[in-house]
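We just call them A, B and C in the order they show up, numbering each chain from 1.
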Amino acid sequence: MTRMERKRLCMGLLFISPWILGFLAFSVYPLLSSLYHSFCDYSVLSPAVWVGAENYSTLFNDDVFWRSVSNTVFFAAVAIPMGMVLSLSLAILLNCKVPFQGLFRTIFFLPSLVPMVCLAVLWQWMLNGDLGLINNSIRPLLNGINQILGTHLVPPNWLQEAAYAKWGLIFTGLWGVGHAVVIYLAGLQGVPQHLYESAEIDGAGFWVKTRHITLPILSPVIYFNTIMGLIGTFQVFAVPYVMTGGGDGPERSLLFMATYLYQNAFDYWNMGYACAIGMVMFLIILSLTYLSTKLSESHVYYEGK
Amino acid sequence: MKQGLKQKISTTAILTILVLAGICFLAPFAWMISTSLKPLSETMSLPPRWLPSKFQWQNYREAITEMGYFWRYASNTIYLCVLTVTGTLMSSSLVAYGFSRIEWKGRDKVFLILLATMMIPFPVTMVPVYSLFRNLQWIGSFKPLWVPSFLAGAFNVFLLRQFFLTLPHDISEAARIDGCNELQIFWKIILPLAKPALLCVALFQFMSTWNDFMGPLIYLNEQKDFTLALGLQSFQSQQGGTPWHYLMAASTLIVLPVLILFFFTQKSFIQGIATTGGKG
Amino acid sequence: MIRYWEKWNGFEADAMRVIVDDFNASQDEIFVEYSSVSQIDRRLMLSIAGGIPPDVAGLWNYVLPVYAENNALTPLNRYTEAAGIKRDDYISVYWDMCTHRDYVWALPSTPSSTALIYNKKLFREAGLDPEQPPRSIAELEAYNEKLMKRDEDGRLITCGHIPAEPGWWNALWGYWFGGELWDGKQSITITSPANTAAYEWVASYPERFGARDLMSFKDGFGNFASPQNPFFTGRVAMVMQGPWIYNFIQNYAPADFEWGVAPFPSVDPERFPNVTVVEADILVIPAGAKHPEEAFVFIQYVNSQAPMEKLCLGQRKFSPLRETSADFFTQHPNPYIREFHDLAQSPNARPVPSTTVWTLYANEMNQAFGRIWTQTSSPTEALSDVQTRMQESFDHRARRWDRMENTLLTEWEKP
């Protein structure tokens, strides 16, 4: 290593030293502890007994676990793109010169401020089959379609029907895109005005400007929100947990990996098994993030590099 | 003339979309407020009604009393928020700088490790971290709730690192050539340019601490130490039924400060235009 | 000073607070600090793991086995023996649910039992005698036929009884058919003929009334704790509930609501009379508590006749002690408290199975019930799925017990 490289290494490590400390205490130690316990039969309050790969072999054959995996993957596969499109569009719209900009931004951010316990309860009520707001808004539309096409469409009882429960949850999640919108807004401030101006002189319209200027410059932020979305949706737990009262939902349609982990750890006193689930979750999210990073390398444009 | 008309049409179109979307986003919140003003018997009535028959403003006062230590909880929460926001801003910006503005060997690999730490599912870390704090004898105090924020949480580092990367390479290089050391570059050049992002981080951290109830639930023992979010839990009763009107009233009160904070700070994002990319 | 964590809120918490204050006032050595704790099971587990548990905690009887076998509690045998507290002092089911593997782990605080609660006015309107509630399942179904009403579009507007309302004991319907959930030793017996009969009875509801109709009907039910509770609005004429229903009726039902209480009908009232589910809130001393002797003094106080009756009166329940003073019943606001009390003493008063896997079992049965109710699977299929999963889980726990038995027994025998 050259003297320059060594100096830079020292500076770099110095700057990140607070994180290293936290990393050792809150990540390495729990991860190792969890890894060890995933090979044990452990219930938190009695000593852990080594059982080798028993937890993993049970996991592999556990239908309920695979159900939780498919539920989580479905949820992520739908919620992430929908969330991204919605938040990006809102951010771009909110960045335009319209009156009451501040008011609108606050309105869209509002839902992410609502405390968790309230959110779950509120949306449970909104998604109620007969009387919830959602269905009462859709019903006139469906009735209209029924009259025209002679069909018998009925709005579903969202959280009670296996086929629709996750969609109910997805709507709840979309309502909370405020976070992502704010981040995109902050990113949009970093797009140099002069680029837009030169493009306009060349006769570029709204879509062209967005595709060729806004999106590329915003790409690090898009990458950030996508990764965060990935990590977040794969760990979805709190809202469905409160909505189902700690259960699995109709035909286990709301059982996610994190829910199953939590149930095993704290309801069934099977911490070792829960750690095994945790390890699997960790590996899945890790691989997906690695994949996304590899894929994004050609698309993400860092001006500072 | 044609340009002006085109402008007007696009502005109106955008406005319409925003208004429609805004109504969708506001509706649940409006429901929350309407429930907070209803007498208990109307809260879960069928068919649901928007307007309370009489506006029970006293629900707010009663909810505060029901909760017990409302003002105490509020001051505890503010105390924690101030500490965590300070800690986060300080540590996350330093660490993010290290991951973005200095080229050192292995930097990006270590960064991937940082990303990986966010993927460790929460219940799995709960017990080991609890025993760690137990060994430090911090259980029952506020320390487990704010000390970690001084150790740079991965999320904030990630966010700031992405922003720091959007700033041009040359400004750092120029400063180095002029003889500045890294700390000076950090403090005098990079930080001022990243104001919108820093504000973002501060706001998010504030909100996260304000609404956090899992942490206080596990680490705090005495009721007088509780935070507002934890205090809300006291409205949930097992066999007595939840007093929805109080729950909604208390929730509205709890949401209000952050809302106001956001409304006034989001304007600064706009100011950021001049500092980050506006160079012509 | 000792710490006491309890799960209650509202008036139930107030009732216990009064007892705590009485105890503190009655002597100078021990001061009990009462806290209302939410998510008490999580916090208790964590605090025991962290070595700083409270001295007294309030749990539910159905988690006792799993806490005991996972070394979360302090055995109370030496304290109960020294204090002369024995099984005969209690209604036997409540003592039994506090013991596990020959050790006493808890003493009850407030008990409950379940019974058939019915709407007398709806009975009268349907031409049924309001003083003659159904005694057998067959009679129950005959009453259902009379009580059910549909509107012009064929949608259900009133029904007699449906097992899904309130749906709090989905796993236990077998009890009224003479079934058991396990054999008390090694096997899960959910697929026994009696249990299968019970769930075929459950499956008969969607067959007779239409699965979709029942689901839409249930959608329209209001919140349990509100005037729109389907039992109070007359949509459902009969439910199975516990003594607390009195509180809800007082708070939410219309002023002219007439109700009656009777043992819930069983398939054969001669062979299986007075079947009821008994549950209780219990007081335990967590493992590693700093002041177990003082904690027990408090628990003993709560379990003496006068304070216990005061507590149960305050929570509108009955007392788990064998002896109850006559005043208790006359003072008690719930007009049917005697019925609940007597049911708890019936030989067919059943607690949930005292196994360590009860939480999983209940969860699985809820899933199975849901599938049966929506006709997604037949009762036999649903039950046999539960059987397979539960037996596996049960065997796993049995293995765990075998491994830990000696260590645990040594631990529990320590002075």
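A few remarks follow.
Heads up, the rule we're going with is that a residue touches a chain if its C-beta (ideal position, glycine included) is under 8 Å from a C-beta of that chain, and two chains touch if they have at least 3 such contacts.
All values derive from a computational prediction rather than experimental measurement.
Top contact pair of chains, counted by C-beta pairs, is A-B.
Chain centres computed from CA atoms place C at the largest separation from subunit A. If you average the CA atoms of subunit A and of subunit B, the two centres end up 16 Å from each other.
Here the CA centre of subunit A is 38 Å from the CA centre of subunit C. Residue numbers of subunit C whose C-beta contacts span two or more other chains: 42, 49, 220.
The residues of subunit A that reach two or more other chains are 44, 130-131, 266, listed in rising order.
Taken residue by residue, subunit B touches two or more other chains at 44, 46, 126-127, 233, 236, whereas all remaining positions touch fewer.
Remark: subunit B residues 10-11, 14-15, 17-18, 21-22, 25-29, 31-32, 44, 46-48, 91, 94-95, 97-107, 110, 112-129, 132, 148, 150-155, 157-159, 162-169, 182, 186, 196-197, 199-200, 203-204, 207, 211, 213, 229, 232-233, 236, 244, 247-248, 251, 254-255, 258-259, 262-263, 266-267, 269-270, 272-273, 276-280 touch subunit A in the complex.
Against subunit A, in their complex, subunit C makes its touches with residues 41-42, 45, 48-49, 66, 70-72, 215-216, 219-220, 287, 356-357, 359-360, 363, 366-367, 370-371, 374, 376, 389, 393, 400, 403-404, 407-408. Against subunit B, the residues of subunit C that register as touching in their complex are 7-12, 35-36, 38-39, 42-43, 46, 49-52, 220, 222-228, 244, 247-248, 251-252. Across the interface of their complex, subunit C is touched by residues 41, 43-47, 49, 64, 128-131, 157, 160, 247-248, 250-252, 263, 266-269 of subunit A. Residues 41, 43-46, 126-127, 130-131, 134, 139-140, 217-218, 223, 233-242 of subunit B are the ones that touch subunit C when the two sit in their complex.
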